[in-house]
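We just call them A, B and C in the order they show up, numbering each chain from 1.
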Amino acid sequence: MAAAVGEKGGQGIMSRLEAKHLSKAFGGVQAIDDFSFSVGERQIVGIIGPNGAGKTTAFNLLTGVYPLDQGQVFLDDEKISGLPQYQITQKGLARTFQNIRLFKGLNVIENVMTAADPYSSYNLADVFLYSGRKRRRENEVREMSRSFLALVGLAGYEEEKPENLPYGLQRKLELARALASNPKVLLLDEPAAGLNPSEVQDFIRLIRTVHEKFALSVLVIEHRMEVIMTLCANIYVLNFGKLLASGTPSEIQNNSEVTTAYIGEEDEACLL
Amino acid sequence: MSIQQLLNGVSLGSVYALIAVGFALVFNILKFSNFAHGGVMTLTAYIGLAAALFFSTWLSGLTLFAATLFSAALAGALVGIVLERMAFRRIRNNNSPVIYYFISSITMGILMENIVTIFASSTFYSYPRFFELTVVNIAHVNIALTDLLMLVFSSVALMILLWVLYRTRIGLAIRALSFDVNTANLMGMDSNRVVMATFIAAGILGGIAGVFLGINYTLYPQMGQLIVKGFIASVIGGLGSITGAMIGAVLLGVLEVTLIGAVGAGLAPVFVFIVMLVFLLVRPRGISGVIVQEKA
Amino acid sequence: MEYIFAVLTFTGITVIGVLGSYLVTGLTGLFSFGQAAFFSVGAYTSAMLVKNLDVPFLLAVPAAMAVGLLAGFLVGYPTVRLRRDYISLVTFGFGEAIIALLNNSANLTGGAMGLSGIPQYTNFAIVWGSVAICLALAVGYKHSKYGRQCLALRADELAAKAMGINVNRIKLVTFLFAAAMTSYAGVLYAFYTTYVEPGAFGWIVSAEWIIIVFVGGINSLTGSVFATLLLTGLPEMLRFASEWRIAVYCVIVLLIINYRPIGIFGEFELTLKWLRQLGKKGVKAS
């Protein structure tokens, strides 16, 4: 098995993203129950668990889509829980979505540019007067977006409509867009869902590349074990909203509770 | 606020309730605000008038009133069918985004208003007097006979609707469809029939409302713009709730009567607007509506 | 001939109003039934300043726009925080409230009788010059961070927030821009027709503008201009069919909505680049 990328075993020197005692209930259902985790500097960490375990809910809590019932989230030791979504992103937390959410009505390169737009400092006057400042910044953003697209393998697709791209390329576009917001921590929600085996390998390479090039911390939700086991230094297993286990890939693989949660109890009849 | 005012408000509110429920029925299923409903009411109001004049040679009093209502309801159902077929079915089949329903409905509303204008021109018509007695005195309070009948007929119509929605199969189908059109289809329901049934129901309610509006105000081609009352009532009651629409409508009726008494008919819209704005900011889901949290 | 100029002038004023709707509804996806009310605000403010207070016209114009901005802020600030469905209702209410206010302030505004005797300071040239400027501003807006963020939040508000876009702020800025522009159009109107009345710009007019935007093309400024000419200018010129004019307009809209939902121009924009390419193709063919 290839060695896991990033710090082996526990935290990095500094914890970039830290979640403490997150809890969230919807009506009578406790979706997340006292879930704590952290992602260290330059670390790739995974969250796995059966369907409905609460993984995407955890992402939604981190990014401010849902308000927390309890718990706090810190980014570089700064409290971000409770802030509006867009501010959390501007502090350095970017994400991709399980069900791809690209911007229809904008073409591929414009999709990437929108993530950089909140940081453009030109104002309305610049727009109305067609100032040089606006033109320069637009060119800058466009070039930057072009390079992100090239990085993920979408060079040449700039003017395409995102809905016309094949599925695998749409996922790459989401990644490029998330990168354009200049994140410190990248949240990937099932980035390999719907990809065939060779596409999955390709994506694993891509995440590695991005991780190294931008010195990111990455938090991945995945069902595809080859992604998790290959990339992650640390894995958290969620089951029914609660933390079931955490540890290195080999520790998790040998954890019988985890297997039970995923597959179920061993049947007597299966034993020889 | 006096009992008299309250009664007037409730009576007005019952008419608004008819409008609001007709509006809410379609909103529940297709998730858009059916502005064509106003046009339906205008058309049926005029058709009701024609029916009243036609039947008045044989009938009078309560039977004439009932015949008028029945004709208008029938007309409303027919218009509902035409509306669904012409204006909305294609959009539904194309799976177009919701805004197209809105545009289609507004355009149909304007078209219907215009057709009425062309054929009926802008002369003011009004309904004939149905009854000799115009005012009824109950417990020292005066209530116009027509107001009383409106209250009674509206309540009956709405109760029948609730019965249909909650005690019949087609009603169950309508409610199922309002949650998820695709799942309902997958479960073997013919969504076309159910949507048609909804528009027929809305049309019937619109027809009755049209006659009442025609009686209360004079008939004029722009009366369909009262659909906005239905919209406001639905919002107050909570978009997505039929009973909420009814409650919202009655509240709106009472609110309007109170404001008209307080600041006059001219400035009442301003205050209604302010009240509504405050309401929306404080309790956006309305009285009994449901807020659906968007999932990422 | 005189008549055609008049029609084109009105159409030009309408184009500016439609541009406002393009920005708010087409670009940002907010269904504002109150756009036309800014017309009234601009028209009445400038007319009253000039007629009643003898304010010079060139000062009244920015004053009217400032009042429009203020009104836009008062309505826009709470509105952008509301759910989609409620935005139409609140903006509608705003429009009706303005009409009611104008109707009931007879001593200032002339009430339901309207305000007449406004000097005629605007004409065809000024109007279409203004159209050109407003178009340039709108084009600049669309091809900037503002336009892109508007389209993004229209497409998927949640994802837009997740990309760091301050959705409420962008909505408000767009709304204010449109309010100022539409108020300006109201000034042009008042000082061309020399008469304004409260009921002329109710929610139906706002709805018509939205419809024009969609018929023209869901994301096309070219389409908005063209559709205004088609749906406003053309019927006016065919005066003889005036009774059926609205019915014809409705049928056109219904046909487009059903058979070409993306609108006449879809997302196409007439640009210099396109024209040059067309020229090259033409040269090659010959």
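As a convention for this text, contacts are C-beta pairs under 8 Å (C-beta built on N, C-alpha and C of every residue); 3 or more make two chains touch, one makes a residue touch a chain.
What you are looking at is a predicted structure, and each value in this text was computed from that prediction instead of being measured.
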item: Per-chain Cα centre nearest the global Cα centre, belonging to chain; value: C
item: Far-end chain from chain C, centres as C-alpha averages; value: A
item: Chain B and chain C: spacing of chain centres that average the CA atoms, whole Å; value: 31
item: Whole-Å gap between the CA centroids of chain A and chain B; value: 48
item: Rounded Å distance between chain A and chain C, as computed from the means of their C-alpha atoms; value: 41
item: For chain A, residues contacting two or more additional chains; value: 63, 65, 97, 101
item: In chain B, residues with contacts to at least two other chains; value: 294, 296
item: Interface hub residues of chain C, defined as touching at least two other chains; value: 158, 162
item: Parts of chain A lying in touch with chain C, wherever the complex brings them together; value: 63, 65, 84-86, 89-90, 94-95, 97, 101-106, 110-111, 113-115, 117-120, 122, 124, 127-128, 130, 134, 138, 141, 177-178, 181
item: Chain C to chain B touching residues, read off their complex; value: 31, 78, 81-83, 85-86, 88-90, 92-94, 96-97, 99-101, 103-104, 158, 162, 203-204, 207, 210-211, 214, 243-244, 246-247, 250-251, 253-254, 257-258, 261
item: Chain C partner contacts - residues on chain B that touch it in the complex; value: 33, 35, 86-87, 90-91, 94, 96, 99-100, 102-104, 106-108, 110-111, 114-115, 118, 225, 228, 231-232, 235, 239, 264, 266-270, 272-274, 276-277, 280-281, 284, 294, 296
item: In the complex with chain A, residue positions of chain C that touch it; value: 137, 140-141, 143-146, 148-149, 151-152, 154-156, 158-167, 173, 177, 218-219, 267
